[in-house]
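When the chains are written out, they are named A, B, C, D, E and F in that same order, and each has its own residue count from 1.
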Amino acid sequence: MRLKIINPNTTTSMTVKIGKYARAVTGPDVTVDATSPRQGPVAIESHVDAALAVPGVLEEIASGEAAGYDGYVIACFGDPGLKPARELARGPVVGIAEAAMRTAAYLGRGFSVVTTLSRTVGHAWDLADQYGVARQCLGIHACEIAVLDLETDSRARATVLQACKQALAKDGSDAIVLGCAGMADLCHDLSAELGVSVVDGVAAATVAVEGLVRMHLTTGKLNELAFPSR
Amino acid sequence: MRLKIINPNTTTSMTVKIGKYARAVTGPDVTVDATSPRQGPVAIESHVDAALAVPGVLEEIASGEAAGYDGYVIACFGDPGLKPARELARGPVVGIAEAAMRTAAYLGRGFSVVTTLSRTVGHAWDLADQYGVARQCLGIHACEIAVLDLETDSRARATVLQACKQALAKDGSDAIVLGCAGMADLCHDLSAELGVSVVDGVAAATVAVEGLVRMHLTTGKLNELAFPSR
Amino acid sequence: MRLKIINPNTTTSMTVKIGKYARAVTGPDVTVDATSPRQGPVAIESHVDAALAVPGVLEEIASGEAAGYDGYVIACFGDPGLKPARELARGPVVGIAEAAMRTAAYLGRGFSVVTTLSRTVGHAWDLADQYGVARQCLGIHACEIAVLDLETDSRARATVLQACKQALAKDGSDAIVLGCAGMADLCHDLSAELGVSVVDGVAAATVAVEGLVRMHLTTGKLNELAFPSR
Amino acid sequence: MRLKIINPNTTTSMTVKIGKYARAVTGPDVTVDATSPRQGPVAIESHVDAALAVPGVLEEIASGEAAGYDGYVIACFGDPGLKPARELARGPVVGIAEAAMRTAAYLGRGFSVVTTLSRTVGHAWDLADQYGVARQCLGIHACEIAVLDLETDSRARATVLQACKQALAKDGSDAIVLGCAGMADLCHDLSAELGVSVVDGVAAATVAVEGLVRMHLTTGKLNELAFPSR
Amino acid sequence: MRLKIINPNTTTSMTVKIGKYARAVTGPDVTVDATSPRQGPVAIESHVDAALAVPGVLEEIASGEAAGYDGYVIACFGDPGLKPARELARGPVVGIAEAAMRTAAYLGRGFSVVTTLSRTVGHAWDLADQYGVARQCLGIHACEIAVLDLETDSRARATVLQACKQALAKDGSDAIVLGCAGMADLCHDLSAELGVSVVDGVAAATVAVEGLVRMHLTTGKLNELAFPSR
Amino acid sequence: MRLKIINPNTTTSMTVKIGKYARAVTGPDVTVDATSPRQGPVAIESHVDAALAVPGVLEEIASGEAAGYDGYVIACFGDPGLKPARELARGPVVGIAEAAMRTAAYLGRGFSVVTTLSRTVGHAWDLADQYGVARQCLGIHACEIAVLDLETDSRARATVLQACKQALAKDGSDAIVLGCAGMADLCHDLSAELGVSVVDGVAAATVAVEGLVRMHLTTGKLNELAFPSR
């Protein structure tokens, strides 16, 4: 089984990190390749960023189809390009927000999302609503660290931890969802310190798409998500 | 007052038509310019089409800002790029699906949408839901005419009329919403033949954005739709 | 085009103010007449007030029909009598709560309403729900000034300003909706002081009904809102 | 205990019938008086009818308060004037649509409403939504008999029975709700013929208000439904 | 008329209290018998408790059917076993959470629930949602007194009173719903001290089932709640 | 990793089948044990059946905890006992309805459920609602084959196939969800014949719980699903 994990931004260090944490949860018979578009925004922190990243994501899907991948992950918490990617691909495509929130829904009555900048919170609520987990999503909390600062700001880890603690206390939630692919490396430590399950979307989406491929389940091609005619 | 009407596809004959029907509803002091992106899909009939049209729409917004336009219409019933366009523009931006459905909501308990291909129906329902008119939207009906065939297929007008009649009968609705900018020229005749109000989104959005500009109302810039930092 | 703006209460000074602010947003070819019922409550601050105002509103519609008006605004934020008025009139009828909230929905993710007395807040939520903007309505805040005190209480303007500031901070909203026709004269100043769009329902409804008339759109007469048989 | 059952229309024969069926379900210690307004519409079949009936309903509440009644029923399936009546009365006020639908909700997964004219169906859905029973309300079916024809049309009973049978078959419902106070006399026979519970709102509301009085429960007066200040 | 009130837990002192407060609201021609299962949990404070109580509740229904009871109340605020009980019984079955919340919905815009332990709050919200009163339920507040401590803890009454006061202030509600059958004896005093209606589910459900029996209304047996085939 | 798959009914042949199809989708390092309660109903086709099966399911969880299992599947499409099971277990517990519906939600806009008897359809809708997939669930269709007849009725396979075809045509769905653990053996053939993904809940839940264990994610124990105190 070959899975392609697409980092929609062009920051290579994030792509490497994403690949590492995807590989950590797959079975021994699964090959995971992590890539990012040739061009596009270096991080996705606005609707404009997301819109400009999508053509590159779709190019990665198209080249993945040519190379015969079995499934795809879109590794940005806004799930940019998820629907058009599903149109283009034969195999399943899973977004990390979608997978993280659906996975967290198995863990109790509700979860809290801890994300980067407050201007992305509205879109995350829209996704929760589209994915049917708005009731389980008890709060979405911005820690006001920009995506790329997660890698360079020495206080990032402590700030995220603090935001998680506040989220658990305020929301009375049963799990934390990390609202950025760039937080994948924090997942294990946060869980240990918080005493509650912490869901990283990169892992959750990789596990989900591996499961779909294993069950031979793929996007329905009879209706809205049929291959485009042009 | 200067308004820019953006046809997100690259079919110039549609752009001309859209400009004509936008100008038909504006006041004498309003200049309406209709444009389309330099490159992109010739019609928008899939999620891939919509995704690839958005960068061109955003370029049109950016050049419009440089030229000092007061407001914008995005003239495709999928409202592609509406949120990123609102981030970029100082003045108001209105989509034609949004305006058509909100306008129709003034006309009674509910409306029916008559649109092009059935693969677009799901997205139209998503928009109805986002815009808060899902309860008023009593049905969305595809007449299975492709966008560009609206201009060339001699049976298009009769087919759309038939779909409108069936929609009114099935849904018990109080108005028809036309689900494609390319149907703008059918609006007047359909209304006469059906005996019920028919809402063209191009007109509705142009009237809406003119009204917003006249009232000095514009996109909130304090939160999610602030100008992007990059 | 002739529009009739109906102030549902019998306080003439409010009727004059409403007419002034309606005229400020209409085109040069539009005649705006502002009226109020011959008898009824002097202000609408309870369900009883609203119920007793409606017969007078309907008399104004009936006399308006005899006089050949093209459209109507009901200028009280509770939109009293909107549905029966739509049954009686040939042309469109728009309520100011309806128009203000739908207009504000174009300006971002959400808006806050600032209104008069807390006992009216529940009804305003009901309207937001009926009009499909409950998700966009992020908060409804009473400033505890009675309707008629808006005109006489020298601290009214400062109190409303303070309530708007608190609403923006608490709700993270993108616009303010003024929840009383008697606040129309505060709109411009509040917007300047707050740095955010402030929507006055009198202006929004007048613009909306003018647009509907210009597009030849009117209430559906095939179903629920057909002319009454008696 | 003294209960006042208000027939909002001025057709005395209906008032007599309503009183009879209210008395049939009350305990021996309960006095039931049925009244109707001095003036107003003879039947309620439009929003205009409902609006014009409400002032008379409120006069009946006011005179009832002077006479010391313990509770009230508003016996028209549109529940006209329910909220202002609750403002005016010390004791509980119950509408027959409200009581019929809430009572039917005890009887299974869902119920069907069979009502008079199709133009009233939309309002009945609005009430189901407000009362929180929209999910349990599986269908609302008009039998196209006008309110006053229920008493004079010899085919009325058969037509209603037929509509009930179709509703049960189409909706898969567990009970029938009669959508007009004028159908109270059909309830027992319909239930026998259909083999399913048939809920008459007059009985349901009378039982409900008797129960509220017996438990010393009444409208909250701290907030929206406080006595009006004027 | 003979009604059977089933206390789903095995604490006999609670069963006695429940019977007393059920009898206090029934008519003179009604016999009320209060029982509890032969074995099962002594109190219901977790999903496990509820699950293990249900078989005993169903045995009580079965023996009640053999004895010819006309209707049943399930007297635990989680309404354990309500649906299977409705399958087994010919006559109506009402749960106290269901009845308390539906009854409180007659009293104004919204109510607050005051209950025992915070771990039960989620289930109470689920019930509010299922019964269609989620919008009217403005808050559910745990006072952190275990069920059996209500009878023995001398501070219980003061703690519940304090929680009610806080709930009214925070939620702006029109009534209080007591979230445990073991609070039935507090209802009258709380109402007097709070100046607002306080709904005890034991009373509300008993009144509701008596009313259903009086109107000859019972569970629909055509569909989901038909008698089980085994 | 050791997983315990609990068949809530006592029909051993189904337990064997469930174990076989669970093992078919797990990794080589996973041990799958399938069990069923010592006593309880032979099939679950009513609320009474479900209620009486739960104590046995909880005994299986308790013995599983003593034996050190890492996770559990409850293999009946009604997900009986899911919440109390989560209270008792340290590791994750997944129901097959929950997993099947959440998994199908990855495959397109919507899915159809094909299940056994029509009296179970209402409960399946309730689950779709609780799990947040009511919008994606486009239809639930009973094929009127009892659970145990799936194994013995030679026409069962053809009847289920026919129901799937009708569901796809009527709902316009992108995938089929099989609404009974006893249909697990039909999944592969149905998918081949229908040309669309068919989701078997046994496989979906087993994959889901394996993924949760692999990611070290488990039920939140801070709130509602904490271990019971008794």
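In this text, a contact is a pair of C-beta atoms (placed from the backbone, for glycine too) under 8 Å apart; a residue touches a chain by one contact, two chains touch by 3 or more.
Quick caveat: nothing in here was measured; it's all calculated off a predicted structure.
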Chain hops separating subunit C from subunit B, counting only touching neighbours: 1
Pair with more cross-chain C-beta pairs in contact, given A-F and E-F: A-F
Where the centres are mean C-alpha positions, what is the separation of subunit E from subunit F, in Å? 31
So, what's the distance in Å between the C-alpha centres of subunit E and subunit D? 27
List the centre-to-centre spacing of subunit A and subunit C in whole Å, with centres computed as mean CA coordinates. 44
Where in subunit A do residues touch two or more of the other chains? 86, 109, 122, 223-225
Counting only contacts in the complex, subunit A reaches subunit B at residues 41-42, 45-52, 54-55, 58, 81, 83-84, 86-88, 118-123, 126, 130, 223-226, 228-230
Interface with subunit E, subunit D side, in the complex: residues 25, 27-28, 86, 92, 94, 98, 102-103, 105-109, 131-136, 168, 172-175, 188, 191, 195-197, 199-200, 203-204, 207-208, 210-212, 214-220, 222-225
